[in-house]
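Okay, so subunit A shows up in both of these, paired with subunit B first and subunit C after.
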Partner chain A sequence: MNLMAEILIQVIIAFLAGSLLLGLHRKIMARVQKRPGPPIVQHLIHSLKFFFKETAIPKTVSKVFYIGIVFILALIWIVGVIAGPVAHDSLLIIFGVYAVYKIVEHNSGSSSGSPYGKLSCVRAVLSAATELPLFAAIVFVYLIVGSMNIGEIIAYQSIHGALIFKIPLAALMFFMLIITKSPYSPFAITKDKVLISGFETEHFGFLRGFMLFSESIAWYVLLWVFLTIFFGPLNAVGYLIGMIAITFITGFINATTPILSPNHSVMTQITIGAICFFGTIIMIFSGVVV
Partner chain B sequence: MLDYMIYILAFAVGSILGLLYSYKQHGEPFVAVPDFNMPMAVVAILGWCLAFCSGNVILTAIGILMGGFVMGERPGYGRKETAAGLIIAIALYLLMKWAV
Partner chain C sequence: MNSQKTLCIILLAISTIAILACLVINFEAWIVYTVAIFGIPLWVLSLGLLTMAKPRPEDAEERVKEPFTGY
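And now, the complex of A and B:
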């Protein structure tokens, strides 16, 4: 198939699947909290709705940044789709995408001129602690497989079995990142409700639409990468079941856990990351991982 | 991948249509345990059976659209019908798989 057509199809799938999964996430959280909750398709309708709403630009914003940042946000996650599901390229690109995403969070908050956005921007710097476990997880995958190429990681797992059974603690580190990125997460300090909507507070209309579009794609890409590098070669049904299962688990965790304060959030992430990091090193040197 | 895009689009469109239809039918406040709606159950059973067992892209897409229509109804509605449809469709799929 033509590469451009493949990219377009994968981006549409990522947006629709990500939106429906985030809708499911809200539904699960609501059911756990004994509320009826919105329909599963609500997140998708919500995202589309914003593209037709009036776009107001506050006087205090740094206009070029304020508008440009939402397109950069959409672009980096589209790059994530291209590097992951389309090209099966290097994990380092996925790491780069996540690192740039943190910069986008930071700049989106700082360009808004709103105190809520600016505080969220400061917290985005703190929450970069989530990248350390992600990088460590990628390093362990490299140590075992000998490559960072997603295609080669899939090929390795088809011969030697899923990596989740070899380096479960590295998978747990990656899972921490997924929990952090999920809505209403205990680690979502940049979107704490005391900051209204955090770095998104001052983005209205189609600008917010682009943000929701990017969030849906981000959720899909993160789940896809996690399932691909730890659960081996999967078919479409495997991905569907895996994504729904992870959405269920994160929904349960987020529905029952209050949001942590920034220092507790960062310390918890670093502590879990450190335990998993040293645990995996011990497993490798003691010969548990062959 | 084109077929998966068609399936997911069919599900999203079916869910939105189901939501619009059910809000038109039921304007009352949230009802926790509504009655079992037989016509909707037929739509769900037919839809999911087509989706799971037809083996044809267009028929599968139509089936997912019908299944999504019932599943996407407003909160509280369409749950039992969807469950019935999915159980029968999965049972039929397994029967067909074992019979071959």
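And now, the complex of A and C:
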């Protein structure tokens, strides 16, 4: 197949699947809280609807920065789609994408003149300090497989079995990252409701629709990476079941857990991350992991 | 036609042509990746800036006023 056609198809799949999964996530949260909740397609409809909503650029924003940061948000997650589902390239690229994503959160907040955006921008630095170490779970994948290449990780698992059975604590670290990225997460300190919509507060209308587009792709890419590097070679049905299952689990967790204050959030993530990190090291060097 | 609209039309045309060219012609992988990484977000951005509704002239000033001016 033509490479550009493959990229376009994967981007469209990522957007549609990501939107529907986020819609499902919202529905699950609502049902757990005994509310009917919006339809599953609502997130997708919102994303498209915002493209036609009235949009104005506030006086206090830095205009080029304000629009440019939304462009960069989409750009980095398209890099994620290319490095992941399309090219099966290095995990380090995905790690880089996530690192830049945290910078985008920071800059998106600082580009607006709103104090809510600026507070969220400060919190983005705090959250980056804990989320990026959680992403370091890929180091253990490297120690076991001997490669960061996603294609080689899949090939390794097709021979030796899924990595989740070898390094479950590293998988838990990565899962913590997915919980953090999920909407209404207890660790979503950058989008805490005391900050209205956090770094997205000043981005409304079309720009918000464009951000929702990118965040749908981000959710899909993160789930895809998690399933691929810990659950071995999966077919389309396997990915679908896995993504729905993770969305269910995160929906239940987020529906029953309040958003933590920034210091509690950071300490909880660091504690769980440290336990999983040293636990995996002990497992590897004591010979539990062969 | 204001400058923003003109710029958006030009960028939309460039990104559409670049993406279509990569669909029709088999370029080297790095060229296709570059076009995809910059072209797809640019296409969505320029299309969105054209399709978004603008405030009525009498409301325009009110819309861009920021109720908060920072700390």
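Going forward, the second predicted complex is superposed on the first by the 284 of 290 C-alpha atoms of A that agree within 3 Å, B and C clash if a C-alpha of one lies under 4 Å from a C-alpha of the other, contacts with A are read in each partner's own complex, and residues count from 1 in each chain.
The working rule: contacts are C-beta pairs under 8 Å (C-beta built on N, C-alpha and C of every residue); 3 or more make two chains touch, one makes a residue touch a chain.
Since the model is a prediction, treat every value here as computed from it, not as a measurement.
Of the two partner chains placed around the shared chain by superposition, neither subunit B nor subunit C is touched by A:V194.
In the superposition on chain A, contact is made by A:F71 with subunit C only, not with subunit B. The partner that reaches more residues of subunit A, of the two candidates subunit B and subunit C, is C. In the superposed model, A:P39 lies in contact with subunit B only, and not with subunit C. Contacts of A:A56 after superposition on the shared chain: subunit C is touched, whereas subunit B is not.
Within the superposed three-chain model, A:K118 lies in touch with subunit C and out of touch with subunit B [touch as defined at top]. In the superposed model, A:A236 makes contact with subunit B only, not with subunit C. Within the superposed three-chain model, A:I7 lies in touch with subunit C and out of touch with subunit B [touch as defined at top].
In the superposed model, A:I282 lies in contact with neither subunit B nor subunit C.
In the superposition on chain A, A:A245 makes contact with neither subunit B nor subunit C.
Overlap of the subunit B and subunit C interfaces on subunit A: none, as no residue is touched by both. In the complex of the two chains, the subunit A residues touching subunit C come out as 2-5, 7-8, 11, 51-60, 67, 70-71, 74-75, 78-79, 82, 113-116, 118, 205-207, 209-210, 213. On subunit B, the positions that touch subunit A within their shared complex are 1-2, 4-5, 8-9, 11-12, 15-16, 19, 30, 32, 71-76. For subunit C in complex with subunit A, the touching residues are 19, 22-23, 26, 29, 32-33, 35-38, 40-42, 44-45, 47-49, 51-55, 60, 63-66, 68-71. Against subunit B, in their complex, subunit A makes its touches with residues 1, 6, 9-10, 12-13, 16-17, 19-20, 36-41, 44-45, 236.
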